[in-house]
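Here come two complexes built around chain A, the first alongside chain B, the second alongside chain C.
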Partner chain A sequence: MKFLTLWRGLNTRIRVSIYMLFFLAALSAIAPFITPFHSDQMGTGQTLLGPTWQHPFGIDSMGRDQFSRVTEGIRLSAFIGFTVMSTSLLVGIPVGILSAYKGAFLDSLFSRVLDLLFAFPNLLLALVFVTILGSGSWTALLALVIIYIPIASRFVRSAALAEKDRDYVSAAKVNGASTFRICARHILPNIAPSLLVLGTNIFAFAILAEAALSYLGVGAKPPTPSLGKILTENQGFITTSSHLVIIPAVTLSFLVLSLNLLGDGLRDYLDPKKSSSQHKKSWIRLLFPRQSAPVNGGQLQ
Partner chain B sequence: MDKTFVSKAVSASEWRSTPVNSPSLVSIRNLSVDFWRVAAPPALNNVFLDVLPGEAVGLVGESGSGKSTLGFAIAGLLDSNDVQLSGEILFKGQNLLTISQDDYRKIRGSKIGYIFQDASSSLNPLLKIGKQLTHPLMANGGMSKADAILRAKELLDMVEISQSQRRLNQYPHEISGGMKQRVVIAAALSRDPLLLIADEPTTALDVTVQAQIIDLLLRLKNSLSMSLIFISHDLGVVARVADRIVVMKDGNIIETGGVEQVLANPRESYTQLLLANIPKLRHVDESQSLRFWGNNEP
Partner chain C sequence: MKYYALRITGGLLTIFVSSLLVFSLIRLIPGDPAAELMGLAFDPELAHLLRIRLGLEGSFIQQYSAWITAVFHGDFGYSFINGAPVGQEIGDRLIRTIQLLVGGVFVGLAISIPAGIVSARNKSKWQDGGIMAFTTLMLSVPQFVLGIFLIYIFAVRLHVLPAGGWIDPHDDFVEWLKSMVLPWLCVGMAMSAFTSRVLRASILDAKNMDYTRTARSWGLSEKEIARKHVYKNASAPTLTVVGLEIGYLLGGAFVIENVFAYPGIGQLTVKAISQRDYPMVQTSILIFATGFILVNLIVDLAYGFIDPRIRQQ
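On to the complex of A and B.
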């Protein structure tokens, strides 16, 4: 009952994005059970086949079932996105809050380290890692984590800086609360809404970045069905078998779009300044949310 | 604490010569506060102030005179990264500026209460009132949860909040501004502090509620026999609350004395100015008032 009330109170974008994410999750979860082909399994006898009932997304140039590859790719993307998001938040939250709350030496130390990491262009940093550690999904993951930790830390720090001078933090201090308690019970919960939005954004961008790295050939190694890798492998056949490129590309966009919609919807939902009233449900409003509604229908009295 | 001890107003010559082993609860000696990052005169300049047990001291002065900074300094809310503190703040003989952070935290948690100006922002919006009252009790007072809840209810009764049991489960946004200030007072008093610092506790409230809160503060101060540092720019309020008035200007204490003495015979010209600036109801010219109310006849 409580869940239903909460669900109805969410705005359309959040609900639609949850439907989209649920669809992708269900698709990649049931895929191994509905198709007998493994994503790496070659030699189905045919190559470059269009969609059939047995192979819904067709067969690629090496005779592998594209449906199992794409669904495997969704799983891989989700895993990488989630890992990057949780790791960067796990490091970024303590670093950001401590650096904001403690200030002084600790803040300078953390900030200079972050500056150092910020100084490298993202892709260049990833390439450096790949050169040192060799290419592969795990290297790409490590590079992405190292790219997103400073972004998360800096975001948390700025949010915590605004929060730490609020009176209730001072009040907790006078009441004898310890530093840990102030950070964990007073500052963190009050910046949590914006961290939720940050988390979904990092999730989406990490997926895109991993696809980009794999597309450039520095991410996932050949048999791994990363969505970016599938695009590189099949780009030569774009004129003859365009479905081999279009389907993974659309899947990737669909995944990132649903995460961005979720982040955008959460931002509005958690913003106390926006009215939570539901406007008329419309697909147009989904992508073009109504700006502040004029009072009296915009007419002068 | 000695409950029979009630101080009389201490004259200016007396307080300056208070010996070090005085009965003062708080004894501020030669305190200077300088903000590193601002190229301005120090926020506090060699301030001396003694607060006796059970005494109510009213700190008055204009904005920027350093009265809030003095309160912050005693409560340890000034960040040593931002300010340079020199001098001594003796609390029951212990110098708060030299003891360890942990000891300071314990003293703050058990012996000093602080009431902020804006009650709505001094309560954590995400924690229920009950939680905000019981947490410090359990963390610093070493109470069990059940005891802390009983004590919280008792505190809400003490600050005259109705339906205290229900309030414990409410969030700050569910109660009125005056009630929030009462909750803040309850939180400040929860561990029976020896010193309560009230930093303009009534400024954000309307006049009726102001009067109620001040009455409440006075009654509590007398019944709990604690010292009170009442910071305000409202001389009328301070006159009701304080035993002694300390006038501050530009980080200096420029005049101090009993309420009657300072209000009736201010020595400093600045205090006279401050007194002269209390808004009064003047005789209103009949024709002017008509025009004011929109009667635009020439």
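On to the complex of A and C.
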């Protein structure tokens, strides 16, 4: 009952994005049980086959079942997104809050290092790390973690900076609370809503970045079915078997779109300045947001 | 004046530090490039000579100063793969990448300025809804997927434009233009999503400001209010975002050039990374970083020019 009330209170964008994500999760979770083909298995006999009942997404140029490859690609993307998000938040939250709260030397050192890192476009930075570490799924993951930790820290820092001079922090200080207690029990809960949005955005961008790296051939190595890798492998057949390219492309966009919608919806929902009447919008409002705040915060891209 | 001087010094300093960073990062790569180059025919004597030629002998500071001096003389070293001078190869491709980005930015502005103005003027009407829906979609479709969709629609289905490649404009100008349309569109559409949202938001903000109301109470015409008060004030935040977007487009160039088989510097960098061609990687990363910093610097300077308040701080 309580759950149902909460669910009804959510705005349309959150609910629809949860439906979309649930659909993708369910699809990739049941895929291994409904199709007998493994994503690396080549001996299906035919190549470049169109969609059939047995192979709903067709067969690629090496005779591999595209359905199991795409669904495994979704799982891989989700894994990468989740790992990058959780690691960067786990490191970024303490570093960001401490840097904002303790200030002084730590903060200025931290800001200089970040300024330098932000002097490079993200994808370029990832390419540099991949050059040093050697290409592959794990190094791409590591590179993304290294890149998103400073981004998360900077975001947390600016959110915590806005909170640290509030009255409740001073009150806690007067009461003799330790630095750790103020950071963990007072500042953190107050910036938690924006961190949820940040986490969703990092999730989406990490998926995009991994797909881009794999597409460029410096991420996942064959036969790993990363969505970006599937796109590179099949792009040459776009004229004859376009479904091999369009289906993974649409899947990737659908995944990112649902995460972005979730992020947008969460921001609206958690923003206390918005009246609750705005949450009850028709389905059409889903893609036609009225609020003027730009999504995603350009710095994440 | 102090504002401009500070910004320029800061920018140059960042370029210097990033050159140091690029240089040391490449040296962090495990393994001896000389040994890797010679493979089975390894000979310690020759390897030493090769290392001197590659600029890998001596202390870090000696190596760096030798490299940076050579860079200022226009000597970027030689490719590990084919021994060609890096500077020449990159120079040719840099021009093409600049063509791609400049054209793309123009397309992006041509889409986002009218889109932002139209949706701000018709706030909450169907025009606004349609444009905002478009931008939501555009923000979710990755750049290379957008490129693939464009290729599928215009090259595979409609057969009106080539799927990729690049034709020298001196050979055939019309064909060159045709080959540039899809890459430009891809860059422009990706850029326009965020830019038109910001433009819309800042126009709406400026419309509700006191100075706009004052201008109206003076009896200025709506046209004049829009031109002198609303749009001018809305242009400052938009400009920052355009600058940021151009910076990200520099990163996006890697991907877009690979989608369209466009022989620019991004494609070269990716190839050089997979071939472990370090002089090539080092130089192109330096060029990308310098470009990125320069774009940000120009935006900062232009921001001070547009908004005098910034200069005071």
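Here is the rule we go by: the second predicted complex is superposed on the first by the 285 of 301 C-alpha atoms of A that agree within 3 Å, B and C clash if a C-alpha of one lies under 4 Å from a C-alpha of the other, contacts with A are read in each partner's own complex, and residues count from 1 in each chain.
Here, a contact is a pair of C-beta atoms (placed from the backbone, for glycine too) under 8 Å apart; a residue touches a chain by one contact, two chains touch by 3 or more.
All values reported here derive from a predicted model rather than from experimental measurement.
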item	value
Partners on chain A (chain B, chain C) - clash or fit	fit
Partner chain in contact with A:N190 - chain B first, chain C second, else both or neither	first
First (chain B), second (chain C), both or neither touched by A:L266	neither
Which superposed partner A:A211 touches (first chain B, second chain C, both, neither)	second
Chain touching more of chain A, residue-wise (chain B, chain C)	C
Chain B versus chain C as contact partner of A:R166, first or second or both or neither	first
Contacts of A:V16 with chain B and chain C, given as first, second, both or neither	neither
Touched partner set for A:L116, first chain B, second chain C, both or neither	second
Touching partner for A:G176 - first (chain B), second (chain C), both, neither	first
Chain B versus chain C - smallest C-alpha distance in the overlay, whole Å	14
Residues of chain C touching chain A in the complex	14, 17-18, 21-22, 25-26, 28-29, 124, 128-130, 132-133, 136-137, 139-145, 148-149, 151-152, 156, 163, 194, 197-198, 200-201, 204-205, 241, 244-245, 247-248, 250-252, 254-255, 258-259, 269-270, 273-274, 276, 281, 285, 288-289, 292-293, 296
Contact set on chain A toward chain C in their complex	115-116, 119-124, 127-128, 130-132, 135, 204, 208, 211-212, 215-218, 228, 231, 235, 238-239, 242, 245-246, 249, 252-253, 256-257, 260-261, 264, 284, 287-290, 292-296, 298-299, 301
Residues of chain B defined as touching chain A within the complex	75-77, 79, 81-82, 105-106, 108-110, 112-114, 116-118, 121-127, 135-136, 139-140, 184, 187-188, 191
Sites on chain A touched by chain B in the complex	103-104, 166-168, 170-178, 181, 185-186, 189-190
